[in-house]
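Which chain is which? They are A, B, C and D, in the order written, and residues in each are numbered from 1.
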Amino acid sequence: MQVGFIGLGQMGAGMARNLLKAGHAVTVYNRTPAKADALVAEGAARAATVADACRGEAVVTMLANDQAAEEVVFGPHGLLATLPRGALHVSASTIGVELSERLAAAHGAAGQLYVSAPVFGRPDVAAAGHLFVVAAGAASAIAAAGPLLDAVGQRTFTVSDIPARANLVKLSGNFLIACVIESLGEALALVGKAGIDKTQYLDLLTSTLFGAPVYKNYGRLLAEPGDAPVGFAAPLGLKDIKLALSAAEALGVPLPLASLLRDRFVTLLATGGADQDWSAIGRLAARDSGQS
Amino acid sequence: MQVGFIGLGQMGAGMARNLLKAGHAVTVYNRTPAKADALVAEGAARAATVADACRGEAVVTMLANDQAAEEVVFGPHGLLATLPRGALHVSASTIGVELSERLAAAHGAAGQLYVSAPVFGRPDVAAAGHLFVVAAGAASAIAAAGPLLDAVGQRTFTVSDIPARANLVKLSGNFLIACVIESLGEALALVGKAGIDKTQYLDLLTSTLFGAPVYKNYGRLLAEPGDAPVGFAAPLGLKDIKLALSAAEALGVPLPLASLLRDRFVTLLATGGADQDWSAIGRLAARDSGQS
Amino acid sequence: MQVGFIGLGQMGAGMARNLLKAGHAVTVYNRTPAKADALVAEGAARAATVADACRGEAVVTMLANDQAAEEVVFGPHGLLATLPRGALHVSASTIGVELSERLAAAHGAAGQLYVSAPVFGRPDVAAAGHLFVVAAGAASAIAAAGPLLDAVGQRTFTVSDIPARANLVKLSGNFLIACVIESLGEALALVGKAGIDKTQYLDLLTSTLFGAPVYKNYGRLLAEPGDAPVGFAAPLGLKDIKLALSAAEALGVPLPLASLLRDRFVTLLATGGADQDWSAIGRLAARDSGQS
Amino acid sequence: MQVGFIGLGQMGAGMARNLLKAGHAVTVYNRTPAKADALVAEGAARAATVADACRGEAVVTMLANDQAAEEVVFGPHGLLATLPRGALHVSASTIGVELSERLAAAHGAAGQLYVSAPVFGRPDVAAAGHLFVVAAGAASAIAAAGPLLDAVGQRTFTVSDIPARANLVKLSGNFLIACVIESLGEALALVGKAGIDKTQYLDLLTSTLFGAPVYKNYGRLLAEPGDAPVGFAAPLGLKDIKLALSAAEALGVPLPLASLLRDRFVTLLATGGADQDWSAIGRLAARDSGQS
């Protein structure tokens, strides 16, 4: 397909590359142009503006937050104004439910197709094309997006014909991951202060009831002595928990665990953690117990 | 081995049966004698008193709480007074760290061996002999306990030569399970109120990042409409979270998630849930969001 | 002074009336015009539009939330566009810090004076002219606002020359009040369930260490059997706690009590309390303890 | 009256002195005898044992925690064994509801009178005889205790004929004070980080809605730069919050604020605050916001 790709951060670059590898004609755009260089060297066309990335059959956006997505779509010469009627917008960014609803309405009014397709996986998973894709949208739009989603992920879950529901599922998933980080952080602070070997402890957990990737990966990050590599920055973690809280409030659902996580992120950012991986909230329990 | 077994509740009955099946000579005791009938019919000897179960090489205890364990061990004609020097006490109950430390000291002073060996798994898992055993104690005691632990579980993790550390690991594990229940409960309240199919949602979670038994089992219990079968009663869940908080306080470790879980259990018990499975705390988020 | 007054809700009507009584020439505006009738009968001039209320030396706004304040100020023919250079805007609404900062900047650029002057007190206090006013702004603006603030309140506290700091103080004050409500609610649930007379208990508290109006007023509302009269609606309480959390996040300050209060308000609104006084969050502890 | 006084800590010494001043014949006992020296010099008789303090018409106990009270009452040659039939025990210690119920039952069985009479006030207030006394017990016991309670406090509130209810009221009161400390701590962290003068801010609060001693006293302690003098040690604060949680659990009342406070105390003790005044929990919000 003739497809534009907007947003070449750690996640987007890997996804765009996998679209290229799958044989699609990809035109890439990033606000900081240098981030497109490698992809252009590998065969992508360079778009000088957002509008230049919107001339084909589809455009995929992978942006850091609601504000960036809103500007790219609703801004002058943005995606809404330039994407042809009948063309497709695949929004892979982790954005809020409310913005996703506005995108759906605006694209519908403009005669454009819209699929909300946020993804699960850290940058190395995106590079490997092994993301899990959570998709929602009209059946025709989902069908049109199929070849693109297949190229970036190992499996697509279509959860609804209402696009914003994919965003809610994604946000709830990040909430659940953050719960794992926090709970592991507390458990490790506890057993660690008692003198139990953390790595052996995690091996016990993940060999038994907790044998899921999320426990293995974040357990390893938390048990190791130094800071974790930044796969997902702490401010983005705060953003997602806030989006989950906001969506939950709109639906009338209290999420006390999310409130606790929000406080953890605010504390982390206020005490020197703004540049760390979001898993660093899992070290605050140890700090509060006087272990660091 | 000549082994006594004290405590024939949902968990203990299955464990005692697997000791019998493995060829051990098992003498069983339960405060309510009728609970021993089936096992006696299958070949176990019946003990009329705690002391009668303590004449062999070893005794296994599987009791509901610290108070029961304390009485059985320290009471008149209890385990401490009657178990021969050099014989072994395997404490499989989920008891507190502080009591386990007292047991270790008392057995040591009496020249008895002591292994703390709490287990992970619900009654059906105990019946199948597929428990995970977390063991700690002196090497000689662990060695002596080996044939018994092999008979009741699929795998034994030896975590320390200090018995109480096994209890801490067990309590931290139950804490982590309760975190899964609560987090799933909140996530399901959220997506459920948005109209997303809960079973499909759980399939997505457990097919991707959350593919662990604890998510599958408790997710299913929470997504189904009726009350869950009582595999582990809510008051026992409260007991374990309190034991975790108590151990954590003694070590100087704040556990905010455990505090939140404690409040959930108190709420559940105060609003009609005393007879329910502990997973019922995972339905309180839905209640607080007006869904039931 | 020639003063406009925009926003004639429960609070604003009383404040506007006290400006009239103090001898000011008051032109009133409300989106629902009928709410102005009584004041017009008492001598106020009626403004047909926001702009019509902005022809004098000053305008006071008392609006329900950020959105209303933003529209009235920044909207077409709004306050910013129509208020003369050198004239004064007194913003008495409980709005967010971020919006107050934008108002300050915009008024400054337009050569208009701006005082942020949120107030403490429920509608009966506003009617009596006994509000406490928290004011901030440039000295010249504060001086100009003096006669107006004196008319609506019993005392004005000038906290800073930076207007938004008054909003932060006001939001922190509402946070503290909500903490009193929640803590009294929990204490009353506790002693009430033990059979202690609630009224006698509150008398003990307020005769000793807790002899402040906020304990007396909210204690009485919580101890009485029926719903409290709606002096400050629950959705406004949620709004204020969220504004406090938002301001705190921007400053890098975690407020765990505010997070807990936010969850209480979401729960209240989701379970039938949207039309109640905000003090109804103080009844949730009793509900969670099975008392209602 | 002929009265014994057991427990001459910061609080007890002042109370015993006021009994002396009121003309009672006071026999004092303290585990560390040197603490009795000053009172003996002022006219008190010295008791060499607990039993020696129990020969008169009444004995007042003011002990640090449940364990100390339990030993003094139930221990060999303790109060229960030595106090004459018809004599009175006034328990002024802040002990748990459960222990107070056991004391009431034991004294009743021994034909002794029992009044539970915990007090509100820090050591300077005890020294001045201005404590508030919360009393409960049988009418005859309350009457007998009258002269003693009058001597130590400025006012006695008789809340019930069931002694343990006084303890519940006292514990709920300390819970409410701790809520004030925590909420002020969060509010001060917020306005302080925004550059608002803390002392001026507190003056505003306590001149308006929060004009109660508890806000004035703890606000001042929190706003001052150095550590507060230790009027009530942090471990005792933790003890009281735990007793409140325990009483609430027994009654089936969740207290989420108390859970949060418990975590604060555990954090404080784990990070160097074991020797500080309990108001130091109010500085943790500032710490978590990077201000110290």
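Here is the rule we go by: a contact is a pair of C-beta atoms (placed from the backbone, for glycine too) under 8 Å apart; a residue touches a chain by one contact, two chains touch by 3 or more.
These numbers come from a predicted model, not from an experiment.
Student: In terms of CA centroid distance, which chain is the most far removed from chain B?
Tutor: Greatest centre separation from chain B goes to chain C.
Student: With contacts counted as defined, which of the two, A-C or C-D, has more C-beta pairs across the interface?
Tutor: C-D
Student: Averaging only over C-alpha atoms, locate the centres of chain A and chain D and give their separation in whole Å.
Tutor: Distance between chain centres, rounded to whole Å: 53 Å.
Student: What is the distance in Å between the mean C-alpha positions of chain A and chain C?
Tutor: 39
Student: Using mean CA coordinates as chain centres, what's the chain C-chain D distance in Å?
Tutor: 38
Student: Provide the list of chain B residues touching at least two other chains, using ranges where the numbers run on.
Tutor: As it turns out, chain B has residues touching two or more other chains at 248, 252-256, 260, 267, 270, 288-290.
Student: Within their complex, state which residues of chain D touch chain B.
Tutor: Touching chain B from chain D are residues 248-249, 252-256, 259-260, 262-264, 266-267, 269-270.
Student: Spell out the part of chain A that touches chain D in their complex, as residue ranges.
Tutor: Per the stated touch rule, the residues are 267, 270-272, 288-290.
Student: Under the stated contact criterion, what part of chain C meets chain D in this complex?
Tutor: So the residues of chain C in touch with chain D come to 120, 132, 134, 155, 157, 159-160, 165, 168-169, 172-173, 175-177, 179-180, 182-184, 186-187, 189-191, 193-196, 200-201, 204-205, 207-215, 244, 247-248, 251-258, 260, 285, 288-290.
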